[in-house]
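There are structures below to look over.
Common to both upcoming complexes is subunit A, partnered first by subunit B, then by subunit C.
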Partner chain A sequence: MSSYFSVDYMIKAFPTLLSYIDVTIIVTIVAELFGIVIGCVVAFLRIHKVKVLNQVCLLYLSFIRGTPFLVQLYLVCFGLPQLLQGLGYQDIRSIPGLLFVFLIMSIHTGAYIAEIMRSSILAVDKGQLEAAHSIGMSTYQAYIRIILPQAFQLAIPALGNNVISTLKGTSLIFNVGVVDMLRKADLMGSYSYRHLELYVDIAIIYVLLCFVIQVATYFLERRSTLGKELAS
Partner chain B sequence: MITFKNIHKSFGDNEVLKGINASVPTGSVTVILGPSGSGKTTLLRSINFLEKADRGEIILDDLHIDVEKVTKQEIHEIRQRTAMVFQSYNLFKNKTALENIMEGLIVVKKISKAEAKEKAIIFLEKVGLGSKGDFYAHQLSGGQQQRVGIARALALNPDVILFDEPTSALDPELVGEVLEVMKKIAQEVNCTMIVVTHEIGFAREVADHVIFMDGGVIVEEGTPEQVLGAPKNERTKQFLARYVSFTEYNI
Partner chain C sequence: MNSIIDPYFLMEIFLKLLGYIPMTLGLAITSMVLASILGLFMLIIRMKKIPVLSKLAELYVLFGRALPTMIILYIVFFALPIALMIFAEKTGQKIEINQVPAVVFAVIGLTIHTGAYLTEVFRAAVQSVDKGQMEAAYSIGMTWWQGFYRIIFRQASVFAMPLMANQFLNLIKSTSIAFMITVMELFGAANVICADNNRYLEVYIVVAFIYWGMSVLFEKLFLVAEHKLAVFKKGSNL
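Presenting the complex of A and B:
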């Protein structure tokens, strides 16, 4: 049995792989943070049909949703540096590769969050914006203080799902040379020839991470005042 | 003094306001009556530009707005000098009762948080809800929510408060408490009130001036005695006949 599957090796390798979890987590957090900012701005521009920018947003959304993530990853991580070099920026090697990964992950995630935020902003009662306007708040102030906080509460389940897919999406970044858990497993496997154990470890780590996110989502949802209102 | 001159507004082909001319003296209470669809809400909302009228003038003391050429600053200014109480309350759902009142004070009036809180407590007590400061909208009854809505408007010390059917979403037994608060404001606060309502009793008791609208025009206006007691226009008579008998039947 142990020749097919070594539990010992699986357990022994686990901490090593786990120590690479930071790459996955950092990329996910950066992508989500910037993605939320991008998503909110795009959602606003689309809802208020801001001239020109609304069309730009539509183009952006259909590009991101209409191309495979791996293609986007290659475009930005391999194509963009080449373009910069072509434009005369010679110092390209001094830019850490991870920066390009952050960039494309954020842009990618932003497109999906834009759709989530758009529908949850539209789900906020439009009387809320009117009330804010009626007491003299600007649209910007109303969004920051009233509309977005409520939209986020409504969006918690969808955002939770988005964090999970972003997290899983990070498993592709080894393709552009970033050493994450999966790449580490590859490297270790080429020495030990025990890929199966290593990939099982990776699967376990992803399952645990997703579980943590689901639990966090659940508690956030329970804490939200709007959630209580909807439930009551 | 707030004055409307020749206010026109259409939604597509539907001309909802067909040239409204009226004046409301400072500190007075004006009640607007009229059948459903006559344009009462639209008129009220065009004062603070929640709805932008097509043409006409809105004059609030020294602020003279030509609706067609209105600027962002003018909209901002008239919104700062007016406040609105909504039929569906529209309390900020992510804020407590107290925070609802503080919001405008902090963001618009730019006063400190501590000072805003003090002030908000005073206004919450004024509407009889001193103990409900930490409650969210969904934890309050409709009548309580509307009283917070009134306190929120009042706290900003506006020149004019616009009430759009403040009691018509309420259960009948809660109407009284809100009208009571409005009556108190009318007596204690020197602030112009423009009230769209179907509460004829309130109009009779509290209003200085009554405007009757139908089909996008002002059909008749005057003191409550004139308009409610001895209406001249046939449409006013019909409307009142229906409403007064309906209200009295209710009581």
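Presenting the complex of A and C:
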């Protein structure tokens, strides 16, 4: 049995793989932060039915939700440099590959967050915006100070799910040359011929990360509902 | 390269890639059917609360949903041959592991992934059916199986339909990951073309549009189907 699956090797490789976890976490955080910004803007444009931009947003949402993330990743990480080169920008090599990954991850996450934020903003009572207007706030002020804080509170569970799916999306970025856990496992596996043990390690790491996010979401949610109860 | 995007080249790739759509859809449909069966099994195990199996089913749903598709596919791709090898050694049978096509691994991996999600979908669907329905079925002398099949299952399936459609759309997109384990589907074929001529931009644009077209088409189809099924929904007036 040990010749097929070595638990020793699995345990020995675990810390090495774990040390590459930072790439995964950084990409997730960056994608999630920019995604929230994009999502809020798109949600705003769609709710207020801003001319032309509303249609552009619909097209953007449809495209991102209708194509696989892997295709989007390749399109941006391999296609975009070619486009830039064609447009006359020759210094492609100086752009770090991680930048393209950040870009597409944010765009991808933004589309999904836009739908979450749209439903949360719509769930906030309409009178809130009117009340803010009536005391002289501009729409922008009303959104930042009144609507969005309430909308985020409603969106916490859905955003938690979104963070998990973003995290799962990061398992694909090694395809475009980012050295993360999976790439490291690939490299280590080609020396030791023990791929399975390494991938089981990574599976454990991903499950643990998902678990952490789940717990964090739960506590955030409880805290926000606690605040509501105290306020009322 | 004189222009950034050459329209004739786009057309050429498009026609070439169209031939790989059946492969992608075949993968998706096969996995969907198998995953539905798997999900139904898990649902029944959890509903009947079979001692050990029910815990295992819960664990499966947890892992199936927590793991990225990529990693499930890799684990299946590397673990299954080993399992087969052990099986061959134990029983003394000869199994040609190298002759198992990669598509089989892809279907198994995608089935495991989708099955976990479908189990949750089915569970939600069954919970949406009023509890009294089952009690009523018992009261007129039906067995659990009869009650489940004749009463609960049919009502729950109307509820589950849109969620399953959603899962199928996700699955179509997930099939693109199968190229990582050397399956020649739409995206795998695109990468081969890329390797031939180094024109990434055009090829990936075409691939993206094919996937987009498929997604939009199926979305519309499912909407029509849902509309037809709405007749059976609770509270709809005929």
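Points worth noting:
Please note the rule applied: the second predicted complex is superposed on the first by the 224 of 232 C-alpha atoms of A that agree within 3 Å, B and C clash if a C-alpha of one lies under 4 Å from a C-alpha of the other, contacts with A are read in each partner's own complex, and residues count from 1 in each chain.
One rule holds for everything that comes next: a residue touches a chain if its C-beta (ideal position, glycine included) is under 8 Å from a C-beta of that chain, and two chains touch if they have at least 3 such contacts.
None of these values were measured; they are calculated from a predicted model.
In the superposition on chain A, A:F78 makes contact with subunit C only, while subunit B stays out of contact range.
Contact with subunit B, but none with subunit C, is seen for A:Q141 once the two complexes are overlaid on the shared chain. In the superposed model, A:L87 makes contact with subunit C only, not with subunit B.
After overlaying the two complexes on the shared chain, residue contacts for A:P149 are found with subunit B alone; subunit C is out of touch. In the superposition on chain A, A:F14 makes contact with neither subunit B nor subunit C. When the two structures are aligned on the shared chain, A:V207 is found in touch with subunit C, with no touch to subunit B.
A count of residues in subunit A touched by subunit B and by subunit C gives the higher number to C.
Against subunit B, the residues of subunit A that register as touching in their complex are 125, 127-128, 130-138, 141, 145-146, 149-150, 153, 225-226, 228-229, 232.
Only residues 1, 3-4, 62-63, 66-71, 74-75, 78-79, 82, 85-86, 173-177, 180, 187, 194, 199-201, 204-205, 207-208, 211-212, 215-216, 219 of subunit C touch subunit A when the two sit together in their complex.
Contact residues of subunit A toward subunit C in the complex are 1, 4-5, 62-63, 65-72, 74-75, 78-80, 82-83, 86-87, 164, 168-172, 175, 182, 195-196, 199-200, 202-203, 206-207, 210-211. Of all residues in subunit B, those touching subunit A in their complex are 48-50, 76, 79-80, 82-84, 86, 88, 90-95, 103-104, 107-108, 136-138, 152-153, 156, 162.
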